[in-house]
Amino acid sequence: MATSSTESETATPTVDWLTVALVLGGVLCLYYLAPLVSLLLSVPIGEIVGRMGDPTVVNAATTSLLSASISAVIATVFGLPLAYWLARSEARWTNAVLAVVILPLVLPPTVSGIVLLTVFGPNAPIGAAASAAGFPLTRSLAGVVLAQTFVASPFVVVTAKAAFESVDRTLEHASRSLGKSQWTTARRVTLPLAAPGILAGVTLAFARAMGEFGATMMLAYYPRTMPVQIWVSFVSLGLDGAYPVAIILVVIAVAALVILNTVAA
Amino acid sequence: MATSSTESETATPTVDWLTVALVLGGVLCLYYLAPLVSLLLSVPIGEIVGRMGDPTVVNAATTSLLSASISAVIATVFGLPLAYWLARSEARWTNAVLAVVILPLVLPPTVSGIVLLTVFGPNAPIGAAASAAGFPLTRSLAGVVLAQTFVASPFVVVTAKAAFESVDRTLEHASRSLGKSQWTTARRVTLPLAAPGILAGVTLAFARAMGEFGATMMLAYYPRTMPVQIWVSFVSLGLDGAYPVAIILVVIAVAALVILNTVAA
Amino acid sequence: MLAIDGLTKSYGAFDLGPIDLAVDEEVLAVLGPSGCGKTTLLAAIAGVTDTDAGTITLNGRDLTDRAPEDRGTVLVFQDGALFPHMTARENVAYAAASTGKIDELAATLEIGDVLDQRAATLSGGERQRVALARSLAADPSALLLDEPLANLDAPIKRRLRDELRPLLSSLSIPVVYVTHDQHEATAIGDRLAVVNDGVIQQLDTPSEVFARPATPFVASFTGSTNLFQARVAEEEGNPVLEWADHRFDVADDEYPVGVDIWFCIRPEYVTVVDDLAVEGRNNLDGHVRRRVFEGDGYRIDVTPEGADDVLQVTLSPPDYDWLDLDDRDRVRLSLPQDAIHIVGECDRTDAD
Amino acid sequence: MLAIDGLTKSYGAFDLGPIDLAVDEEVLAVLGPSGCGKTTLLAAIAGVTDTDAGTITLNGRDLTDRAPEDRGTVLVFQDGALFPHMTARENVAYAAASTGKIDELAATLEIGDVLDQRAATLSGGERQRVALARSLAADPSALLLDEPLANLDAPIKRRLRDELRPLLSSLSIPVVYVTHDQHEATAIGDRLAVVNDGVIQQLDTPSEVFARPATPFVASFTGSTNLFQARVAEEEGNPVLEWADHRFDVADDEYPVGVDIWFCIRPEYVTVVDDLAVEGRNNLDGHVRRRVFEGDGYRIDVTPEGADDVLQVTLSPPDYDWLDLDDRDRVRLSLPQDAIHIVGECDRTDAD
Amino acid sequence: GGGTSASIAILSAGSLQNALANGLKPTVDVPVTIESHGSTTVARMIAEGKRDPDIVSVADVALFDEPLSPSWHSVFTSNAVVLAYNPNTEGGQRLADAGRERWYEPLAKGAIDLGRTDPKQDPLGYRTLFALELASRYYDDASNLKDRILENDQLYPETALISQFETGSIDAAIAYRSMAVERGYEYIDLPNEIDLSNPQYDEEWYSTVSYSLPSGQEIQGGPISYGSTIRRMSDAALEVFDAHTTGSYLDEHGFLRREQFPTFEGAVPERVTRAVGRTSGASASANQPDNRSGATQSVNQSRQRTAPVKLSSAVSDITVLH
């Protein structure tokens, strides 16, 4: 016993890679968590519960969940075909299109909001026309969705593109050669095989939409989403006003993500 | 000929799915592009070229590229082990950890910045210690990197996790059974097989770091990154002042992403 | 010498072990149905899964808490687990100390032609050959093979099986060869461990296991399809078995009179007595119920008089032709005393 | 009837076609080395790749601009392309109109046992059987097979090849069978198209293609390893070939005197004259350079006197034993006039 | 247009957000939507057509010269520059000890982590410079406070300043009195000569300091004056405007309603003055002393240049809505 235990010690003198990994990963997790814990600790639980019934908070939560859901759906409906095309096309300019898709990520959201205003604002042709038709694109749920979709939908496209690329094209050819339409092929072969990646993308998009602030602030402001409400609370009341709303946002977002992933998986 | 052409027409009466896909995807691309085109058209090219030599712009560009690169590297170094662990661990609480990783996405960046301040601000223990050691964590490049890492690193973790999951665990077991350490196995088996997904994650993180505004504004403000500089220009000079800097940001970010993907691929 | 003591591992509702095994410089075949824990046992020895209790030592070195790469054991996976981003050569080189070793193994395993192909383009047989070459390149102190031939087509499987036997023996290291195929297990193993539900049911030479299965499970899993319940009695001081209307002499006198036991007899040991007039202690009459051609011979199902069971007899084609049996024919069978094996006492254990 | 007219497709530096082909209710084997464009040809017929020019019609219907699903052609991919998220049964059901059809095909292709396995767990042979069943379930008007046996181990390949021939013939539809294996092509094809560099070099019955290759490439690719340059001459009004120090009578009088041509003779047609005293017009003396055992026979390389070339002769084992040849022995070979085939005039075309 | 007849949209300076939402909103019958950004952002958004509110209120009437140029506006309240401090930090305590008469001493010694906003970006930033300059003159022993106190690393965006201050990262911040009152900060009330709150000191005292914006615009010192204007005239807008510019909620939120407020500038529609209960004459008299900010030369000219255009658009709005 003594011998083997000595051997065992000399046999693993190198730094354990798993330990290094766990330490590095743990540091990152702590880095994510520390501010959140600090956030949670800064507000008594009673205060949070109290604010949960506050109509402005309820309205903001409703608006956020509704708009983020609509944005995620729009991002999926419009993004999946684009992702599929990006994954499948042999055209040289797919890279140019991909660059376009990544641009909203690079652009600071506030700038995104400002440039979106130049297109959808009440003074721009599209915005004015929509407004005249009784469907204003700013200061409305539509505006919120426009802003969230702009910043969040690239996640669906980028992630779903990778998922589609992982589906062997031969399988699609096989399906069509067996007499199935492109639509049937997509539904029964491509989508099921790409589903996990697509779900990850939709999750990211939903999360990003829930957290969207800069562009929403510029494009819509009303109806207030939770991030805007946090901002308003902060500006009016300082950190003490903003923290409870921020905590409620985090709780709602996490709950929504858990539900999204449980239902879909 | 006439017969077969008639047949061909009757044989494809359904709406062409590809067309629908391209229309939907095209709409999304237009949605991304329209504001950007509007942005590009709003400023004469001479003005942009003129601003490119502007020391504030040069400084901001340098800071952005430097900090986003550092953030991407940190996100990779710390994020890959975590992603690997998330992909490989059978522990039940991986989902809890994953939720923690997604939280920075959900949190509005400004709120992230505020809560980061409560941990890394000069008054908080960590911040004070670092500051005393001559390495202030706010109002410094370190602060910029902290902010960018917080919002951008989850992309590396989430995307790399999916990439690692796609690597058959049996291959790792085989490698280790052949006498190779965990480290060698990771380097020669897991990483090469997961490389495309990891690269996608690093790209997303870099892009997000380049565009980071809200948290940076809170935590650092100085030295100014391009998004902060855009904001400063907007507030002091209006759109005419902000647009050239925004365009330069977009150009630099796209160039950096192209280089990143070309070099890595 | 690979020694496993009191190894246990539970996952979900499944419990493996406790397993005690000692494998010398020999090939130990581990035979069992899917889900019996045999792959888990290999994984535990290789260190790629953790265990709940027990120790594993190899040539005196305690492996129990060592990392997989530090055990000297090499595990060959069912599908080969070749690295898909490498060529066959790179796969072998991954584990090989020198290029000379690669060439030598390529020659031994006849993979010289495919060395520069990507792993993904190899056929099933080529893949397993490369996987074997790679595992041998690592110079294992013990080799663990997890159903290496399971996903191969039958002829390839037969050919590789024939090649594997001498190759594995020549290594002079402990080899554990896991399979669910009884033919593979007997062809390759010096000794044979039959595993069911996480427990070793029998561990012996293949011929001993096949001739004298220790449990009803081993009997049926190794093809002793004639497995029946009977009662031990005594005639003139010798043990006999009472089954249906018959009494058979048996060699085994281990069980007391009055006890209910399981006995079995392999179908190839049952003979058809060509003359219905011939009397014998262990003869038994019945009727032919079915005749089945099985490629290399015939199987005859016989219903003994006074019993509902079916007794199976296998006949070579010449014997079958000579006997010229038809369905419902009355036949006299002989169950040689030495071929009747008492598996054990009846209890709650079922035959399957 | 599947008709292809003037089909062309370029990608990168490679040009396919123009291809003209008419495939009746027969099996057309398309033989060519990898990269010759044969897979692209199938993909173009199936509509899964686009073409630059040309038309494709099937039973009079113009397929050229139709979607793959609207062509009535079914393509069987090299690796089967089974849907991995489905079982074997679900794969077949994907294309089948009724469950009856599934059972029928399962019986025909002997996949009943594996129907409920996931596609990923099937062996190579099983995978291809399921892929075939699935393709037949779609009730094709033309069947296109892309090297369906290429990734299988040799014995499985042989067995499936033997089964495929009658199965494909029984379909009574145009079948295009692409392969790089000359044995597969001859075993399965009613007719044989040899493709190189995107162009059909020869299209005829397998025996005709093998006996009378139209180009040096076809000759060498179909195993006419004895391929040489010679000059056409005339003796007593009959054509002869001048090669090395020899003159051979030939049956072919198509080429004018003085022209340089390629001629070939298959190694199995060259005979060894047992008595060096026997004289004959088409005899030729040489020395044995090498003897190679090839499993089903022997190959002898002979250096003719007055030439640097090597002439190959194949011998059956009994013939080889009887002749009792050694290296450097002097032998007399006979090249039968009828076996000598003039491939064509020499120009910039190379033998390979 | 953005503001619909259903509710009145107010686009306001961030410092008014809380007062408007919790002070004004409950006192009016008309539904009100309030959107707040930094004053400069508010001005930019309207000038560049990104917002079209019914009422716009900014924290410095100078913004009604450039970039906004409404035909008229009301100056309805003031605020004061105060020195907020965090009593829980050492530096904050030092300031508390120094008090109203000696606050600048610990600051000048560099013993305090001070936060302020960027003079290039918002009025509070340059008003901080004015206050320090005025303090240098006001106190006998406080020469050159700007040079002694100001450091570049004191600059924060307003939001960051609040967070830094509330999290104790900085000991003290130059803030508006309303912010300090609303959030319950401890603060030092500076003398009126310094705090830019009293129009009384305007001409001979506040106006002696100035600051140049990056745009080249010269900002002259003057009392803090919140300005508001109606961009889309309606009865509802008038009702809200009246309550907004004259309501007592302003006092509760720390704003300073001097007795001369509200005063008017430009071509004020009579409906407005009637609704607010002031005469046009008052506007004319208020016009002169209050006009300190804006371009130093020919302010009136530039206003006259733009007024007719804006007026006509305002008139057409009125006509339509009648």
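As written, the chains take the letters A, B, C, D and E, and residue 1 is the first residue of each chain.
Keep this in mind: contacts are C-beta pairs under 8 Å (C-beta built on N, C-alpha and C of every residue); 3 or more make two chains touch, one makes a residue touch a chain.
Since we're looking at a predicted model, the values are computed, not measured.
When chain centres are defined as mean Cα coordinates, E lies farthest from chain C.
The two chains most heavily joined by C-beta contacts are A-B. Rounded to whole angstrom units, the spacing between the C-alpha centres of chain C and chain D is 44. In this assembly, the C-alpha centroid of chain B lies 56 Å from the C-alpha centroid of chain C. Averaging C-alpha coordinates per chain places the centre of chain C 91 Å away from that of chain E.
Chain A has residues 114, 181-182, 234, 239 in contact with two or more other chains. Of all residues in chain C, those that touch two or more other chains are 67, 70.
Across the assembly, chain E contributes residues 159, 163, 167 that each touch 2 or more other chains.
Against chain E, the residues of chain A that register as touching in their complex are 114, 117, 121-123, 131, 136, 138-139, 217-218, 221-222, 232, 234-240.
Every residue of chain C that touches chain D in the complex is listed here, in rising order: 121-126, 151-153, 155-156, 159. Across the interface of their complex, chain B is touched by residues 43, 46-48, 67-70, 72-75, 77, 79, 81, 83-85, 94-95, 134-135, 137-138, 144 of chain C.
Of all residues in chain B, only 168, 170-171, 173-182, 185, 188-189, 192-193 touch chain C in the complex they form. Listed in rising order, the residues of chain E touching chain B in the complex are 38, 40-41, 44, 47-48, 67, 89, 113, 118, 120-122, 152-153, 155-157, 159-160, 163-164, 167-170, 213-215.
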